[in-house]
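Both of the next two complexes hold subunit A, though its partner changes from subunit B to subunit C.
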Partner chain A sequence: MRGRPLLHTSYAQDMALLDTPAKRLWAALLVALAFALPVVLADRSLEVLSGAYALAIGAIGLNIVTGYAGQVSLGHAFFVAVGAYTAAALSAPPGGRTLGFGLTEIWIWLPAAGLAAAAAGVLVAPLATRLRGLYLAVVTLGLVFLGEHVFKEWKALTGGPGVGREAAVPRLLGYPLDQDGPLGTKEQVLYVLMLALLVGFAVAARNLARSRVGRAFAAIRDRDIAAAVIGVPLTRYKVLAFGVSSFYAGCAGGLLFTVSGYVEPGSFSLLLSVQFIAMVLIGGVATVSGSIAGALFISLLQPLTRTLPALVPLVSADTTRTPNVFQVETVLYGLLIVLFLVFEPRGLVGLWIRVRGYWKSWPFSY
Partner chain B sequence: MKGLLEAVIRGLGNGSVYALLALGFVIIYKATRVISFAQPALMLAGGVAVSHLAGTTGFYAAVPLAALLVAGVALGVERAAIRPMVGRPAFVVAIITLGVDVVVRVVVNAFIGRDVRQVGDPWGFAQVELGPLVVQQRWLAMLAVTAALVALLFAFFRYTRYGLAMRAAAHDQETALAQGISVGAVFALSWAIAGFLAAVAGAFAGTGQGIEQSTWVIALKALPAIIVGGLDSLGGAVAGGLVVGVVESLFQSYQGEYAPWLGQNFAVVSPYVVMLVVLLVRPYGLFGTREVERV
Partner chain C sequence: MSGQEPVLQVEDVRLGFAGVTAIDGVTFDVRPSELLAVIGPNGAGKTSVFNVLSGVYRPQRGRVTFLGQDLLALPPHRIAALGLARTFQNVELFHNLTVLDNLMLGRHHHFRYGAAAAVLWFGRARRAELAARERVEEIVDFLELERWRRHPVRLLPYGIQKRVELGRALAMEPRLLLLDEPVAGMNVEETEDMARFVLDVRDELGVPIVMVEHDMGLVMDLADRVLVLDFGRPVALGTPAEVRGDPAVIRAYLGGAA
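After this line comes the complex of A and B, so read on.
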């Protein structure tokens, strides 16, 4: 079959994670390049990218429930918060100003953060099985507000609004990952950690999507009654979708704040949920690579707009002046969501498919 | 008892603002099957427009002017961002309105600035005595204006050509098209009405305390209101808005005394608790119609 990579002669081939040699090559090259970046880039850029990778894990989670299983959730920020606070509380030293248990090993607090968030997701899921579409969107939105209230009031855990608390401390087998050490600077070590975790989570999500569970999710998304008729247990799979998605969100929450080392309960507002939705939509619905691309895109938007005042004199870096960078950034979020949905609903992945399609059939137009 | 009644009247006053917003949500939902998350921005725009106009025209003339202005903005939004999406899943269009909301709000915020803007209303925090009760005049004004607008709106739907067209299109778009109704015009009209109502709500939300950048959060309380009332019921929207307002006001008055463990400002999130409780019992709200499901 040499030279005919798209000819599949077995189911195993058809369902392979990367089904053509070109994809395997490029995926390997991309991952290798990403792992090589700490040698080249400055610590400041690595910090931005580490944050983006943590967000990408959360975006993959939202894509599992919203993209693959079709259950619209505006409540992702709540699950991220549950994970962030579980991780922070477990890893903080006991007896401090805020709750702490002194379990700084990342292999303890990261799964714990995921499981706590997953438990919250499973608790919410019974509502989700009763509701559909926009009803569900509004209810999950309510969840964000309730969660924000709880986290603002539970000062022993969160430190309270405006004060906050220290975030999870990553240690691996006694080695502190958040300090400069023999393996490299703090940013370099954290970058490699986030990247390795992202690759793991991404591969797991791809595997989930191509399994029996993933097919059940897709069936529910496309037509839930039809799915029930062909024997997909709706309740079980909707609960599962929320559970897995929240697990990803919880892990993302635990990791997200290790870079800055500080969590504030105001961070988990509706805006964070909207940002996750934007990542999924701009990146590409129901694609793992799209979630990662979307998260990178949204995270890089911020540092890019910060450079605007130097290029466009009309835009000011001063928050009291009217076209300032924060306003431009917010407008860009909104505009990009609208423009992508109107012109390229498949998102960045769709743009890539267009480019690929053009060159595949070149010089013919189809 | 006196305190309770005063709290209820305050709740009805605030609730009537929620009811106006909720009506906008429901009208758009009935016409296009989409929840418009752009309502908060339109409400804020209305309040800000009134605050700028009131200086020259006075509050009473500024409210209808601002409402017409915002209705125009809503028409523009519908034409530019929503009409091209006809036939696409409701979720996608809802997210588009979320994007529109973010953009419009940034623009409107530029007109607000850092400080609170007064809308120039004649009531302020002035109070009036109703028998033994002492209540703020603005609650009564809100209630009266909302009652008048709701009556007008229901008459419009019941007795006019366009109202009939809107009801027909809400019932079945294809059949309505076949009868010669311009469904596009119905979409536009529903957005314009929703914008108008949101602007009036914005003006009244700004009475007394004024308009600031964070005022838009008020409009989100209309979401529990429409869910409680049922997404596709106009009467439900009004009832839901009033219920949400009263519940919030009661929590404001009594929660600190009877349930302090719920934390400060629990009243702000109490509408969402009401929403969850109602949904657990009735997944389609109090007055909503159960969806008929066909494969």
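After this line comes the complex of A and C, so read on.
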């Protein structure tokens, strides 16, 4: 009915993902605009955005386990690494310097990367049934250090620190997505691929969140004993949360390095986990749109901070000098997390809700 | 009421925590569509009995049989799936979720679809969710929660939160309902509302109820039978009139020569 956007005459309408015409319109416009960007933007900008979309998939994953299910995980970088190396090893040509199986089709290595990471997640999950809160955070932190060591030493897989290896090679039915071709430049094709995958993963996460599974996650987060007493099997759902979250992380890992074409074991340090946590907290805890907004925010911050050495002579681009631009970034993530937690715990999504509320009730302040 | 198989049988249950005995030798049964009240001074072990029944605590001795099933071997979520629902003394709702989502969670074990169907949504998951929503709306109606539907429960007044918790238990379609102090901390109006809902649950839905409550007026007016506990031991079990005159009960509450 025109002009009555909140008049729902069936439960189906009431429970729809986009429940008002305005939401449907804006969502469609936003997706259309995003798909139109390759025509407008330079390849360099598309590269940054492609990376941001891959990170957004990972951030949605972290939000599933930490935001929705309330299990604080500092080990997200580890699962991203498992996915990245599974994808890289599967798609690399066999008999090279590093492990390779020659399966370059993306529909093979992407799900495989997700599943390998999910398997790792399911193995770690039993810890979450024993530990809560800070204790779980510390144990998952250990996972990152463990992974860092293994990836540095396992040179046949990772190429070793400072050397690295080629990342996953994306081909779709024989068409190389990582080379300039009839469909557009490499950056344009990869951008569209990442965007399409992000939309798919985001819709899947929203569906999961509004289902019995998402509700069970939230129940465990808010009151775990009450959740068990009303019929939610705690162990099963904690394992599921870690599994799904790690699946997202693994897929993100597989995709993340196809843009640069190169993986180095040093990438999977605690800093990457902290970046994901920053995305979730800055974007908005327990929201899918927040995860995407947070990933975009953090990714677009980087090109800005990287121009700092040129503008501020004190900040060096050299990692051996202090203060350098990477240290500034780390401090900035911490600062942003603190500021958001103090002033807007709901993150960017919260800011948006405030803006929306302001315009809805204008000219009244309540 | 008499002559039918009891819904729940509790036999000689003993529960202790490292030297402290919480309940000892508690025996009672609950008959179909009966309201059994459990009373006793603070620390008598009333809530501990509930925690044994819902699987949160595991007693050292005794038997608990619910509809022919031994409950002591089962984890809490399996007990819930059998149809044993409860509310808590201090409201234990899912604070960040709306009233609707809290009630939908009560139906968790009635859903049959898994994570894969949930991700795809269209088809099985959607049908199941829509059907569940209809059942949940009946409870919203029954408990007069219409105006709070979309509110996160942490923002609701205490009396309404208690009502939502009852709603969540009813959404489980229980075959036995445990109410832990349903009117604690409520004003007169809220208490009368809750009393009306409790009676409706027993009389309209035919669900037997075990109720722990300190409001003696309410207990004497509503209960079919009353179980009195003192220091974890059963002191008396009978109709409100019988229990009221029992010297052992008076001694438990007021003290006196043993």
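In this text, the second predicted complex is superposed on the first by the 338 of 366 C-alpha atoms of A that agree within 3 Å, B and C clash if a C-alpha of one lies under 4 Å from a C-alpha of the other, contacts with A are read in each partner's own complex, and residues count from 1 in each chain.
As a working rule, a contact is a pair of C-beta atoms (placed from the backbone, for glycine too) under 8 Å apart; a residue touches a chain by one contact, two chains touch by 3 or more.
Note that the structure is predicted; figures quoted are calculated from it, not measured.
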Now for A:230: first (subunit B), second (subunit C), both, or neither, which partner does it touch?
second
Tell me which partner A:327 touches in the superposition: subunit B (first), subunit C (second), both or neither.
first
I'd like to know which partner A:240 touches here: subunit B for first, subunit C for second, both or neither.
second
Applying the document's definition of touch, where does A:139 land relative to subunit B and subunit C: first, second, both, or neither?
first
Subunit B or subunit C, by number of subunit A residues touched:
B
Let me test your reading of the model: by the given contact rule, A:212 touches which partner, first (subunit B), second (subunit C), both or neither?
second
Report, in rising order, the residues of subunit A that make contact with subunit B in one complex and with subunit C in the other.
223, 225-226, 229
Subunit A partner, complex, touching residues on subunit B are 29, 34-35, 81, 84-85, 88, 90-92, 94-96, 98-103, 106-107, 109-110, 114, 220, 223-224, 226-227, 231, 262-266, 268-269, 272-273, 275-276, 279-280, 283-284, 291, 293-295
Name, in rising order, each residue of subunit C that touches subunit A in their complex.
54-56, 75-77, 79-81, 85-86, 88, 92-97, 101, 104-106, 108-109, 111, 113-115, 117-121, 125-126, 128-130, 133-134, 137, 168-169, 172
Subunit A to subunit C touching residues, read off their complex:
11-12, 14-15, 204, 207-208, 210-216, 218-219, 221-223, 225-234, 240, 244, 286
Of all residues in subunit A, those that touch subunit B in their complex
72, 127, 130-135, 137-139, 141-143, 145-146, 148-150, 152-153, 223, 225-226, 229, 270, 274, 277, 281, 320, 322-323, 327, 330-331, 333-338, 341-342, 345
